[in-house]
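Working notes, structure below.
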Amino acid sequence: MDFIATHLLSLILFFPALTGTAMLFLPGDEKTLHKWYALVASLVPFTLSLFAWFNFRASQSGYQFEEQYIWYEAIGSSLHLGVDGLSLSMVLLTTLLTPLAILASFSINEKTRSYMMLFLFLETGMLGVFMSIDLLIFFVFWEVGLVPMYFLINQWGSANRNYASMKFMIYTMGGSLGLLLAVQLLGVLFQTYDLQVITEQWSAYTAPIAGIPAGTFKAVAFWAFVIAFAVKVPLWPFHTWLPDAHTEAPTAGSMILAGVLLKLGAYGFLRLILPLYPAEAKYFAGALAFLAVAAIVFGAFGSYAQTDFKRLVAYSSVNHMGFVVLGIAAAAFAVGTEDARIALNGAILQMFNHGLSAAGMFFLVGVIYERTHTRNLEDFGGLFPLVPVYGGILIFTSMASLGLPGLNGFISEFLVVRGSFGVGVNSVPVMAVYTSVALLGLLFTGAYILKGIKKVLHGPMNEHWSSASGEHKLTEINAREIVVMAPLMALILWIGLYPAWILDVINRAVVMLF
Amino acid sequence: MVPLSWYLIFAAALFSIGLFGVLSRRNAVAILLGIELMLNSVNVNLAAFWRYGDVRMMTGQVFAIIVFAVAAAEVAVGLALVISVYRRRNTVVADELDLMKW
Amino acid sequence: MTGEQIIFLVVAFFTLGSGLMVVTTRNLVHAAFWLVAALFGVAVVFALLSANFLAVVQVVVYIGAISILFIFAVMLTRKEMRDRGAQLNRNWWFGALLAVSTFGGLFFLLRGWEGFSKTAPAYPASFDAVSELGNALVSPNAYVLPFEVASVLLAAALVGAVYVAFGRK
Amino acid sequence: MTTETLIWLIPLPPVLAFFLIVLFTNKSKALSHTIGVGAAFLSFVGSMIVFFRAIGEEHLGEFPFEDAIRWLPTGNSWFEIGVLIDPVGAATLFFVSITIFMIFLYSVGYQNYGQPVGDHDVKGLPPHGATIEEHGHKRVVPSVEPMYSRFFAFLGLFAFGMYLLVVSDNFLTLFVGWEIMGLCSYLLIGFWYGKPSARDAAVKAFMTTRVGDVFMLLGIAYLYSATGTLTFREIFTEETLHVLATTPAWFGMTTSGLIALLLFIGTVGKSAQWPLHVWLPDAMEGPTPVSAMIHAATMVSAGVYAVIRMFPLLTADYTGHGLTTTMSIVAFIGAFTALFAATIAVAQNDIKRVLAYSTISQLGYMIAALGIGAYVAAAFHLITHAFFKALLFLGSGSVIHGMEHGVLHTGNHKVDPQDMYNMGGLRKKMPITFWTFLIGGFALSGFPLITAGFWSKDEILADAFGHGHWAVFVTLAVAAFLTAFYTMRQITLTFLGEPRTEEAKHAQETPWTMTTPLVVLAFFAVTYGWVGIPEHFPLLGGLVPNWFHEFVGSTLAEHPEAVEFNVIPLLASLIVALGGLFFGWLVYRNVKSVGDDKLQIPLLKNKYYFDEIYDFLFVKPAYWFAENVVYKLMDQGVIDGILHLFGPGTQGFGSALRNYIDLPVINRLIGDGSANVTYWFGGKLRAIQTGRVQQYLMLALITFVIIGAALYFFVFAA
C-alpha cells in the first residue's frame, strides 16, 4: 500500500504500457481474452487515479504526488512527475475514457491484440504529457502519443485512412518542430529542463540571446509553442487534419482523439504558454482570440455544411475547442483578475466536458455506423422508432454538446463567455467584440446539432432500415454500448447540475497558478 | 671482475644473431631456432640484472623461470604447428606459407 | 685480466659462434646441434652470474627437452628440405643489416646508461638464492600468481600442441 | 417544513417524473400518466401553499422568501444559486401551477387514454384511429397515442423548466429553466417527428429562440461582468442600479440599458415578438393543442416574466421624462407586434393558428406595457392572459378532438379537423366547450366588466394614455379592435350557424378529463380580473380593493403609482371591444365558405411573407456560406490546398535534392569517389601484403627502429 502511495503517478503512467507489452505473451488468437485483459488493464489506472483524486489536497499549492527519477542527467533532464488540479482533472479524464474506448472496441475482431496494445501505449503517452513537469519529458510523451494513434487510424480506419493518418502524423509532427527547438533552447539556456525552474527564470529573462534581443527571441519562441499546440487543439486555420483524422479513425480512436488528444494542445497552452510567456501571451492575446473566434465560427459553419455524420461531429470539436482557447486568450489579457480566473475555469472545464460529450458523440456515431455501414446523413432518417433508446441517448449527448443548460457544456461555455466578456468590459474592449462574434458560433452550434438529430432520428422513416426481411433491420443499441455511454452521461448530468465537485479543484489550481 | 657491460653486449649480440635467423631463414624450424636464441639472450639479461642489482630481489630469476616456461610452451605449440602444416602442405618453407595473404 | 674474465670471454665467443652457426648452417640437424652448444654456453654464463638454479634448469629444460624436440621436428620434416636450395631467403642481406643495426642501436643506447659498466656487488655470504627463489615462487606476497599462470599456460600449450599436431582423420 | 425548503422542492417532482418515466415506466401508460399527473399535483399543492403563505406575509416585497447555496467557484468567491419568491414570483407561481396541472390532466384525455391501440399507428406520427367491432358492426374510434408515456415525460421536464424559472433568484438559473423549456418545446413540437413539417417546425422553433437566447446569454455575461453577481436582489439595489445607469457603454447607451436590451432580445425570441415571431405559428405542428398551449400560454409567458424580472434594470436610467433608448425599442417592438400579429390573425383559417397569432399579439401588449413602464399592468395582463389563453387553446383542442371524431366517423381523412371553414354549429354538439370557449374569447376581446381581459387590457391602455404615449395607445387600441374582431370571427365560424360539413355534424363532446380544465380555467378567466379593479373606476372601483396592484407593486423598491383614472381610455376599450365583437359577428354570420371571406388577403394569409424572406435572407445564405465558402472554399480549397502543396512541394524539393545534389555530388563525387580512391590506393598497397611473416616482422622492426631513433634523438635527447 505504501508503495502505491509513493509511486502513484508512475504506476498510473506506466501500468498501461507495461501491461500492453505483457500482452505479447498472451496466446495470439484468443480475441476475447485480449479484450478483457485490456479492459482490466485500463481499469487499474482509472482506479488509481480515482485514488489520487480523493487523496488530492486541492487547497495545497504546487504539484502533488511528486516523483523524480534520473533520466538524462547530462543535459539536466529528469523523469519528474507531478499533478496539480489542472492536470489531475485531465488525468482523470484520460483514465476514464480509455477503458470506455476499449470497451467500445469490443466489436473489433481484426488484429485484436495489436489494437489493444496500441491503445494501452496510447494511454501512457497521453498521461505522460499531463503528468510530466520536465520539458523534455513532456515533449517525449507528446510525440509518443502520436505513434499508436497513427497506427490505429492507419490499420483500423475506414476508406480514406492512409491519407488521414499521414496528414495527422505529418501535420502534428511538423507543428511540434518549433516546439522542439524552443524546448532545446530553454534547456541549453538554463542547463535544466525542470519546468518549475524554467518558468521562474524564463519569464523574467531579459538578456539578449545570441545577439538577438530577448523580446524578439521570446516572441519567436512563443509562436513556436503556440503553433505546436494550435495544431493539436486545433485552432483555425490549423484544423483541417482533424475532420479527416476523426472521420477515418476507428470509433474508439475518434473517442480518444476528440476526448483526450485535443486536450493535450489546450493543456500545453495552460501549462506552458501562460506561465512561460505571460508578457508575450498578453501581447498576442488579441491574435489568439481572433483565431479562437474563427475556430468557433468556422467550426460551426463547417460542421453545418457536412453530410457525413462523423465529419459533422468532428467539426464540432473545432467549434468547442475554440471556446477553450478563447478563455485562455481572455485570461492572457488580464492575468490575475477575477475575469481571467473565470475564463480559465471555463476553459479547463470545457476541456473536460468536451472530452465527455465528444467521446460520447463519436461513440454514438460509431454505434450506428457499425450497424448500417454508412455515415451519410441522407441515408438515415426517421430511425427514432426503430432505436428509441439509442435515439434518447443521442439526443441527450447532442444536447450536452449543444450546451443546453443543466448539462455540462453549458457551465463551461457560460464561464468562458462570462470571463472573456468580463475582460472585454473591464479591461480590453476588443474581447467584448470577439465574445459577441463567438456567440454567433454558439448559435450555429445549435444549427448543426439539430441538423444531425433531424437527419438521423426524425422525419419519415427510411424503409431500408426497417425492411421486414430483416436483412438491413436496424438493431437497438446493446447492453455493452449502453455501459460505455452510462458513465459519460452520468458525468455530463452531474457536472451540469452540480459542477462544484470538479470546478472547485480546477478553480483552486487556477487561483494558485495564475 | 666482469663488468655488467660485457654481459649486456653479449646478450645484445646473441639477440641480434637470433634476430637474423628469424628474419632470414627460410625453414620454419630454423626460425624457431632463432627465436630460442633471442629468448636466451633475454634470460641472460635478466640474470645479469639480478646479479648486478639487489641480489635479494628475486624478480630477475623469477622472470627467467617464467621465460623458460613460455619458451617451452612456444616450442611445443610452434613445432606442432610446423608438423601439422608439413603434413598438409608438404613444406616447411615460410615463404610458401602465404595462405593468410589478404 | 682476471680468470673470470677469460672464462667469460671464451664462453661468450663460443656461444656467439655457435649461435652464428645455428642461423647460417645449411644442415638443419647441424643447426639444432649448434643450438645445443649455444644453450650450453648460456648455461655457463648463468653459472658465472651465480644463478646456479637457472644454469641447471637451462641444461635440463633447454638442452634436455627443447633441443630434443627440435631435433625430432627437423627429422620429421627433413625429407622435403633435403638441405638443398637456399637456406636463406632473398632478403637475408636486409635481415643481416637489421640485426647489425639492432645490435648497434642497443649498444649505443646502453653506452649512454650510467650503470653500464658497474661491477657486481658482493655476494652475501649466507644467502641461499635457490631457496629464496623457491620462496618467491610460492609466496602469496610474491609471484605465486604468475607462477600458477605459467603452469596453466604450459598445460594449455600441451593440450594445444597435441591437438594441432594430431591432424584430422 | 419551512417555506424556503418547500420552494426548493417545488420544481423537483416533475423532473423526477421525467426520469422515472424515461428510465423505468415508459412501457406502462397508466403508470406513466399517474406519475406525471401526480408529480404535477404535488408541485401544484406546494405552489399553492407557498402562494398562500406569501400573500399572508405583510412585507413580502422587502423580505421575500429566499435561500441560496454555493454552486460555482469563481476565483476567490462563489457563485450562488437559490430560490426567491417575492410578490411577482408568487403571483406567477399561482397561475403557472394551475395551468400546468390542468395541462397534465387534459393530456390524459387528449392523447386518448383508454382507447384501443390504432390499426396502423406508428411512433412518430399522430394516431389514425382504431377499428373496433361492437354489436356486430365495425366502427372507427380514436386510438391512443403510441408515445403516450413519452409525452408525459416531456411535459414533466417542461414543468420543471417553468417552475425553475419562476422560483430562481438569479438570471443564470432563470436561463437554465428558460433553455430547458426551449428543449422541451423542440421535443414537443417535433413530437410527431415522422412528419417532415413537425420536424422542421421543431428545428425552426429551437433555432429562432436560440437567436434570442444567445443574446440573452451575452446580456447575462455582461451583467455578471459589470456587477459581479446575477442574483436579482443584489443587482436591484439602488447603488448597483445607479452605477449601471451612469456607466456609459457602447452605442451611446448606458450599461443598464445595453444589458436590458440584450436580455430583452432573449424575450423577443422566447415570446415570439417581431422579428423573431416566425416560429410560434409553426409550433402548432405539435400535438394540438396541449403542446401548443405550452408554448403559447406558458412558455412564451416566461419571456414576459423575464422582462418583468429585469424591470428595475430596464428602467434604471429612466427618469420619468421621455423613454430611454431601450425602453423605446421595447415599447416599439411590443406595440408593433401587437398590431402586426393581429392583422395576420384575421386572415388565418386554422383554429390554432388564429390563437397563435393572437398570443403573439397579446404578448406584444405586455411588452409594450413594460416598455412604457407599466409594470403592474403588464404583470396583470400576463396572468389574466395566461388563464384565458390557456382556456382558448384547450378549448380549440377540444374542438379539434371533437372534429376528429367526426372525421373518423365519416372516414374522410381529407377533411382538416382544424380548419374553421369545416366547422360551424358546434355549440349544440359541444356545449361545455362552446360556453367556456366563449368566455375565453370574450376575455381575450376584453368584453367589459365581466371578463378578466377587460381589466388588464384596460389598465395597459390607461397607462399608455396616462403617461402620454400616444403612439402606443393608438396602436394598441387598433390592435384591440382587431383582436375582438378575429375572436368573434373564430367563434362565429366555429360554433355559430349550421354545420358546414358532414364531419361537423358528427362532432362529439370530449371526456371529462378535458372539460374539467376548461371549466376551471374559465372560472379564473372571469374572476381573476376582479382582483385588479382600479380604485377610481366608476361604480365598481373600491368595491373590492385593488389587491393585485398593492401586492405585485410591492415587489419593486419604488412602489409604482397607480395611474389616474381617465375616461378616454375606458371609452376606447369599450368601443374597440364591443365594436370588434359586433363587426366580427356581423361579417361572418353568413359566410358559408372560404370563398366568401373578403379578408383572405394573400399578404396577410402568407404572414407578410416573413418565412420566405428569412429563408431567402438567412437560412439559405447560411447554408450556402457554410457549405461553399467555409467548407469547400476555405477548408478544402485554401487551407487543405496549401497543405497539399506541402506534399508535392516537399517531393519536388526532395527530388531536386536527389537529382542535383545527392546523385552527382554526394553519390558520385563523395561516395563513389572516395570508394574509388580507396580502391585504387588499396590496390597499390596490397603489394606489401605478401603473407610472409618474416617480411612483416622486418617492416615492423624498421618502423620500430625509426620511431625509436626519432624518439631518442628528438624527444629524450632534447
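The first chain written gets the first letter, and so on, giving A, B, C and D; residue counts start at 1 in each chain.
One rule holds in what follows: a residue touches a chain if its C-beta (ideal position, glycine included) is under 8 Å from a C-beta of that chain, and two chains touch if they have at least 3 such contacts.
Because the structure is a prediction, the values reported are computed rather than measured.
Undergrad: If I average the Cα coordinates per chain and compare with the overall Cα mean, which chain comes out closest?
TA: A
Undergrad: Using mean C-alpha positions as chain centres, tell me how far chain B is from chain C in Å, no decimals.
TA: Each chain reduced to its C-alpha mean, chain B and chain C end up 6 Å apart.
Undergrad: Counting in whole Å, what is the centre-to-centre distance of chain A and chain D, each centre being its mean C-alpha position?
TA: For chain A versus chain D, the centre distance works out to 32 Å.
Undergrad: Averaging only over C-alpha atoms, locate the centres of chain A and chain C and give their separation in whole Å.
TA: That pair's centroid distance is 85 Å.
Undergrad: Per the centroid of Cα atoms for each chain, what is the distance between chain A and chain B, given in Å?
TA: 80
Undergrad: Chain C: which residues touch two or more other chains?
TA: Each of 89, 91, 94-95, 98, 102 in chain C touches at least two other chains.
Undergrad: Hunt down the residues of chain B that sit against at least two other chains at once, touch-wise.
TA: Touching at least two other chains: 19, 22-24, 94-95.
Undergrad: Name the residues of chain D that each touch 2 or more other chains.
TA: 694, 698, 701
Undergrad: What chain pairs are in touch here?
TA: A-D, B-C, B-D, C-D
Undergrad: For chain D, which residues count as touching chain B in their complex?
TA: 686, 689-694, 697-698, 701
Undergrad: Using the touch definition up top, name the residues of chain C that touch chain B in the complex.
TA: Interface residues on chain C, with respect to chain B: 2, 4-5, 8, 12, 15-16, 19-20, 22-23, 28, 31-32, 35, 38-39, 42, 45-46, 48-51, 53-54, 57-58, 61-62, 65-66, 69-70, 72-74, 76-77, 80-81, 85-89, 91-92, 94-96, 98-100, 102-103, 106-107, 110, 115-121, 123-124, 127, 129, 132-133, 135-137, 142-143, 146-147, 150-151, 153-154, 156-158, 160-162, 164-165, 167.
Undergrad: Can you check the complex and tell me which residues of chain A touch chain D?
TA: 167, 170-171, 237, 239-240, 243, 298, 301-302, 304-306, 338-339, 341-342, 345, 382, 384-385, 388, 392, 395, 399, 404-406, 410-411, 414-415, 417-418, 421-422, 424-426, 432, 435-436, 439-440, 442-444, 446-447, 450-451, 454, 457-461, 498-500, 503-504, 507-508, 510-511
Undergrad: Hey, which residues of chain B end up touching chain C in the complex?
TA: Against chain C, chain B makes touches at 1-10, 12-27, 29-30, 32-34, 36-37, 40, 43-44, 47-48, 50-52, 54-56, 58-59, 61-62, 64-66, 68-77, 79-84, 86-87, 90-95.
Undergrad: Quick check on the complex: what are the chain C residues that touch chain D?
TA: It comes out as residues 89, 91, 94-95, 98, 101-102, 105, 109.
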